[in-house]
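Next, two complexes with subunit A in common: one pairs it with subunit B, the other with subunit C.
The block that comes next holds the complex of A and B.
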């Protein structure tokens, strides 16, 4: 009885391993094609002229390398969008890091009656679908006179990032050994000193997760930027695609050139730190 | 020193001490609380207040109408259709994303050679902004110049060529395909992490007992992943209920409401029809529904997680 089972399963195993040897690479390459074909289509089309897209197939190689679209887009206001994006991103991330690490330190180490309820309330904030805050924030932004400035985006960007960031950093800071804190206190550090000299430097990996996850989300953020700004001079990169799409109408290569250029900064960053970016995005999304 | 003196000084020292203890707590929390109250809590409450108004959002012509907007919502076919589409998105997201992501995770787990570079490339769609992806796939689906219909006609299957986003029967499915395309790698990485935490000895012990690779996968590895799969299902369902971006950019809920979601319906009601009061009702209802769905799925997934 037992011998039949073993022989049966061993043939099954060897049969499978042949199947696996063929199937694994085939599936792997198939999904590689599914993932990369849209990117290849975009890059190829961005190098074509407008007439070429009407007469040739979407899959044909460009007849010649034509960088006119790139020059037109780069000279057509692209840098303004890029500058706004960088400004909004840097200011938001600095605020998110400072504010959430301070709050996380309080939740992880300071004793007060409202510690747990307040922490629970903030963590619950992660469920709020941000789109429902759109209308009141639009009204608020108009009322305080920030409408159509890059500053309009800072408030909602920081606030929507805080719950998940505070959650990640609190978990992280809870694991920092108490002894280090006590040693610093013996050396004469107050609460602020302990936070600044012990907790902040030791939270490096947590801070980088927070920065990467929120950084990518905010760099790509569309709907708040669309509603809270209206002049191209104050709009961020995702809006460049939207605005150029209106401007170029049916000039598909030009529109896909904008797509390529706006996606390039993140792809370049990814080329330098794939592991960190994958980890950061996964950790952030899982907590959120 | 008289007893009265000590009574005078002790409370003030205590008061000073407690103030000194409270100060850091206040300083550390005030910035976070400020941002959260102004840009998250206040909008949430304000949304419910606005839902009781009839207002175009521009002038001062707002009128208190009580529950009229909520009664209208209860009978609004377009809203219920949008909710149905949200549920459809949730259903198909789970149905397609989970098995494909799991299959790819197994592929990467088995493929020793090149699995790192494949994983890196597979992850690319998650770095793209929704506007970029929406615009790209609008062109890919284009009935006249798009590469999908171009490919179909090249292999003489013109009969299958469709107006992918313009046909009310196909629009939602076409967008769901893109949503899946973008999110599958996320769940793949999640499952891959689960698979690589699978203890090798367990597989070897089962192999010694005569279990085939297939049995090991279905009977041991998959149950090992159960918690991860449930987390993934929860994320996909909650994400689908609040989904907005790609639909807004690719179809804007059209044609004729065929791909409308709660969030796109809310957006159009406010920023195209200028019914700010009613739009806030839609937003508030969406908040209640998402919270309910999140609470239910979280409870379900947590209960199952403890069962393992």
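The block that comes next holds the complex of A and C.
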């Protein structure tokens, strides 16, 4: 009897394991297709001439490797857009990290009356769609004289990134043992000293996560850049596609060339930083 | 002067969760004081109050005769060794040890000298450039101690520093800490532990703390004294029960009579015995508790005139050098006797155990020790 039960349960277990062995690779391949096929399509199309895109199937391979689109994009305003993007991104990320890490330390470690309500309010900021803030931000930017300047985008970028950044870093800093803070206090650190000399260095993985996560979002950000800048000299990379978009026609291969070039830095950053992103996102989920 | 004085110290969390009540304590210059007690008795909280990382709700704390209640931790000239070591993971052993001195803006050459000197004492020289994650538990503990030593504090505070180490390393580090304290004998030390062996082995003075309703009723401190004081002259039943392994045997008894030479007690089993204690005004017939430590009992023949108890043996545990004999108690409790390893007792046979009345303890209904004839009266 017992052997029947054992063999029955082992059959069920092997059935489950077979299902897992088949299902997981199938789902994995499906997800790989979802994420890589658009990129393959974009890259292939960027290597076609405009004429070729009209006469061949969208998924056909380029008849020859045609780098004319790349030359056209690189010889146009691309470098100006790139410079603007890098400027806006670096300044925004620095501000996001400085402000969010200080706020996170306060929420994670300091005892004050409105700690929990304030943290709740900031986290609630994550659910506000940025599109409903567009008009007020546009009016505010114009009124303070920042419209169509290199600094127009930095305020909104930092503000919209803070809730999720504070959330990630607060959870990260809560995992840092309290004894380290106490040891630092006994060693002579004040509140800022504890933050600067102990918490900030120990939050490296969390800070990287915040930097990479926001970096990806801001690098691709389109709508604020579109609304708050108008001169090509101050526009960022996602707006470079407008150079190849006319009122009556679009140069699809050139637009996709811009998209390919814009994606390249992100792909490189993700390739090197993915471990940190995953680590940061998982911080606190498992007992260390 | 690095004496420490605590006067009427209280600690309450929130509105009404009291964890420390009425602690009055003096720790002399260079003294090694151990806070001992069960979980939740507030021994770590009391230590953290001395360190300055926990506020004092009421009372006065003085270090070196200076009031410290409002002085921040960094300015109290204390160094603490944490249970979890609390080494900064992003700093090397050298940087960990130098951190406090750098905060105090000590000259670079002086920092180097002091770190290397401490490293030499603790045999950490080859590990100075390593990160804490590359060290074993014992090495981390030594770094934590080194970090405390380099600052030349007035007071060393140890919060269960050995509880994460294995048994052999604990014994080694216990001796090491005692040795270091003697070497730096200008500084007082407070050591928190729940391990009575550590407390007995290391302390000049033990402060035994209690928790729960007894704390609310009588205050946090159960007894303060030298290890031998607490072991031989417990002032109440809690202290008698907490110190000693196996714990003290307790037998219910009633007072049959009181003379100048002592009390006559009648046990529940009908045996009577004379013990050298004063009745402190307790009337004849009142119930008291007789306490005898397992190591103070020895096998005797059934017709010996000594004080003796004869009970059926329930179980025998043999450890070679000695054996524990478990006997039926008068109530549901078991009596334990620690006897020589070559004493053979068999389960279910009756065994007679003698004891010296001088080694007995008698507690009143409240659990207070009755005064021993010829000894100074101990108070609660």
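One rule holds in what follows: the second predicted complex is superposed on the first by the 220 of 288 C-alpha atoms of A that agree within 3 Å, B and C clash if a C-alpha of one lies under 4 Å from a C-alpha of the other, contacts with A are read in each partner's own complex, and residues count from 1 in each chain.
Here is the rule we use: a contact is a pair of C-beta atoms (placed from the backbone, for glycine too) under 8 Å apart; a residue touches a chain by one contact, two chains touch by 3 or more.
Owing to the predicted nature of the structure, the values given are computational and were not obtained by experimental measurement.
**Student:** After the superposition on A, what does A:127 contact: first (subunit B), second (subunit C), both or neither?
**Tutor:** first
**Student:** Tell me which partner A:31 touches in the superposition: subunit B (first), subunit C (second), both or neither.
**Tutor:** In the superposed model, A:31 contacts subunit B only, not subunit C.
**Student:** One more residue to check, A:272. First (subunit B), second (subunit C), both or neither?
**Tutor:** neither
**Student:** Just to be sure I read the superposition right, which of the two partners does A:193 touch: subunit B = first, subunit C = second, or both, or neither?
**Tutor:** Second partner only.
**Student:** Subunit A residues in contact: does subunit B have more, or subunit C?
**Tutor:** B
**Student:** Based on the superposed arrangement, let me know which partner A:220 touches: subunit B (first), subunit C (second), both, or neither?
**Tutor:** First partner only, subunit B.
**Student:** Overlap of the subunit B and subunit C footprints on subunit A, residue-wise?
**Tutor:** Comparing the two interfaces on subunit A, one with subunit B and one with subunit C, the shared residues are 190.
**Student:** Looking at the complex, which residues from subunit A come into contact with subunit B?
**Tutor:** It is residues 2, 5-6, 9, 12-13, 16-17, 20, 24-25, 27-28, 31-32, 34-36, 38-39, 41-42, 45, 53-54, 57-59, 98-100, 102-103, 105-106, 110, 112, 118, 122, 125, 127-129, 131-137, 139-140, 155-156, 158-160, 162-163, 166, 190-192, 195, 216, 219-223, 227, 237-239, 241-242, 245, 252, 255-256, 259, 262-263, 266-267, 270, 274, 277-278, 281-282, 285-286 of subunit A that touch subunit B.
**Student:** Show me the residue ranges of subunit C that touch subunit A in the complex, using the header's touch definition.
**Tutor:** 48, 51-53, 72-74, 78-80, 82-84, 86, 88-90, 99-100, 103-104, 151
**Student:** Spell out the residues on subunit B that touch subunit A in their complex, using ranges where they run on.
**Tutor:** Residue positions touching the partner: 22, 24-25, 27-29, 31-32, 35-36, 38-40, 42-44, 46-47, 50, 57, 103-104, 107-108, 110-111, 114-115, 118-132, 135-137, 139-140, 145-147, 150-151, 154, 181, 185-186, 189-190, 193, 210-215, 231, 235, 238, 241-242, 244-245, 248-249, 263, 266-267, 270-271, 276, 279-280, 283-284, 286-287, 290-291, 294.
**Student:** Where on subunit A does subunit C make contact in their complex?
**Tutor:** Residue list for subunit A touching subunit C: 177, 179-180, 182-190, 193, 197-198, 201-202, 204.
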